[in-house]
Amino acid sequence: MNQIESKSQLPYAEVQCHMAATPIEAPELLVQTWFNTDRPLQLSALRGRVVVLVAFQVLCPNSVAGAIPQARRIHETFAPNDVAVIGLHTTFEHHDAYSPAMLQSFIHEYRLKFPVALDCASAAGPIPQTMERYKMRGTPSLVLIDKAGQIRKHAFGASEDLRIGAEIGALAQESSAAASLARSSAA
Amino acid sequence: MNQIESKSQLPYAEVQCHMAATPIEAPELLVQTWFNTDRPLQLSALRGRVVVLVAFQVLCPNSVAGAIPQARRIHETFAPNDVAVIGLHTTFEHHDAYSPAMLQSFIHEYRLKFPVALDCASAAGPIPQTMERYKMRGTPSLVLIDKAGQIRKHAFGASEDLRIGAEIGALAQESSAAASLARSSAA
Amino acid sequence: MNQIESKSQLPYAEVQCHMAATPIEAPELLVQTWFNTDRPLQLSALRGRVVVLVAFQVLCPNSVAGAIPQARRIHETFAPNDVAVIGLHTTFEHHDAYSPAMLQSFIHEYRLKFPVALDCASAAGPIPQTMERYKMRGTPSLVLIDKAGQIRKHAFGASEDLRIGAEIGALAQESSAAASLARSSAA
Amino acid sequence: MNQIESKSQLPYAEVQCHMAATPIEAPELLVQTWFNTDRPLQLSALRGRVVVLVAFQVLCPNSVAGAIPQARRIHETFAPNDVAVIGLHTTFEHHDAYSPAMLQSFIHEYRLKFPVALDCASAAGPIPQTMERYKMRGTPSLVLIDKAGQIRKHAFGASEDLRIGAEIGALAQESSAAASLARSSAA
């Protein structure tokens, strides 16, 4: 558990990110409950689109003040056929404070329109399953997945709009084939 | 229930306030759980100090982005012997989303240091008891109580720091006797 | 000149202020040009009102982003019969960049409605005359003058709205007689 | 002159932009004085880099509060070999308020590190020469020029970081050849 940290006490969070030298395929999300979607989403069904995965926590100040409004701006700025925004509610703490009903009320109050997934609890410990398989360090975290399904950025903490915009803009410009090629040549 | 409104969907909330022409004594708070205090607070025991009562809701965007940081600034700006800040968590909706554990986690994550009261649920309906007896219209609401225990301001929605500062500064300047006199002459 | 500093390079300016233990009478302003007023203002003619003197500089980032909007908020919040806001354009540097025409355009573009004074240049050196007699350390500076004409606060750098509001609110609550008394007892 | 408007009185400026259907080559800047560069810049010498041209005015509130900090963020976010930021001071009003000395002081106080050009006055009227040949509607304006020297975006008013970031990121991803091709196929 040492590698897990909450950013919530830092007013100006430093971004800790790694642009994977060897891109790896984004694992599927393990989800307890989906909101704002008729049926569960599969990353594998989103090939050809850039996916922006925003991990947040309702009681994390940096998530609420920073990551959630940014996710909403991303969702409003890019065409859904080019860029898919997915919220992931995940936490390794305050488990007794959270419930699907609470998350649903949050989504309603903050007028979120993009799909939101509630991470699956783990029988093994406090870290939920998607957080575990993505090796997230805490919330907020932001993951960029290219058109071929590869993780191209994984950032912990606040990210600047300008930089995120540039990275999404560049990924959206890639052809699916080029993204595939990037994977092959890196392998 | 028609008079109750949630401000949460308004990005720039208009203040709706009434400076009571005839000041009335602030009724005691009806509290389910207290946080950040060794024992329950009584307004009657706070005579001689200005009391700032900030009603908020964890899932209300205007409370979280506006009223809570403002309450913290008030708490940090004024000497506690002059001005007492009290948070009141109260809501007429999302009852299944809230719990004392959730409020405790919120207080921890947002580093609140002032006493916070969780309003008592009502058997009669969705409006909790303190919200009902203060006739609050929703959250956020701000109530200023003078040194003699009289309500001097009751505002629904966002309030500007400059104006709130001026009002608290003026009330703190009053002697308890003068505040008492204001009550008598108004009666 | 060593005691004069520009705050402009500090993104978050610390307030350096002194609440004069022995209040002194605010000296009259020495003004080259007045804007937004039919005739020159005399502080001596403003007894009975709190005066907020805001010293700024058009090319000083902290003045433009902080002090000027704050002065406008003060002007809009308080009744003019209670609180008079006066802007003072003053600088010990960039003298060749400034002109009355430039200040007039600034006042127009920023929609300032309160009186603004252009400090008198000094034959003796780069520090203009009002800055010199007020011993200002630079811009922005904020001076609060009570109803009896005494300096009650003199701050260099950014000031928080809540605190300034409280201080103006308290001074506005004083009677002119009480303010006078404060002067006498301090003398 | 009817088509020229100042945005300065609008607190939340609407972006008015056109993404030229038929890209046209960006005309060279007509410059009275250059700052922050050893020698005059030629757009023709910047082929292979994306150029971000930010037109501003020192006395325009939206320029100072919005466009200038954004230009600085762009300059800090992108590698100079990929993206060149150029400031252009230009105005059709307040001519007697401006001087090269004033612009130099502004650049110093706001710590601008990118090249800044002072637009050439026109003998024919109040609109300076570069503003005229770019048909700018006022300040702030933002022009994106691709690696082949074509204007790809021309916006009047505030632009969101996320969108600008995405557009710059996409242009930076283009090869010079592709940009050239875009020109040919559009011609």
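Per-chain numbering from 1; labels A, B, C and D assigned in written order.
In this section, a contact is a pair of C-beta atoms (placed from the backbone, for glycine too) under 8 Å apart; a residue touches a chain by one contact, two chains touch by 3 or more.
Being a predicted model, the structure only gives us computed values, none of them experimental.
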Exercise. Which one of the chains is farthest from subunit A, going by Cα centres?
Worked result: C
For this session: Mind checking the centre-to-centre distance between subunit B and subunit D? Centres are C-alpha means, answer in whole Å.
Result: 49
Exercise. When the C-alpha atoms of subunit A and subunit D are each averaged to a single point, how far apart are the two points in Å?
Worked result: 34
Seminar exercise, completed: Touching at least 2 other chains, the residues of subunit A are none
Exercise. Taking chains as nodes and touches as edges, what kind of graph is this: line, ring, star, complete or other?
Worked result: ring
Exercise. According to the definition of touch, which chains form touching pairs?
Worked result: A-B, A-D, B-C, C-D
Exercise. How about subunit D: which of its residues touch subunit C in the complex?
Worked result: 6, 8-9, 58-61, 64-65, 93-94, 96-99, 101-102, 104-106, 109-111
For this session: Sort out for me which residues of subunit C touch subunit B in the complex.
Result: 70, 73-74, 77-78, 160-170, 172-174
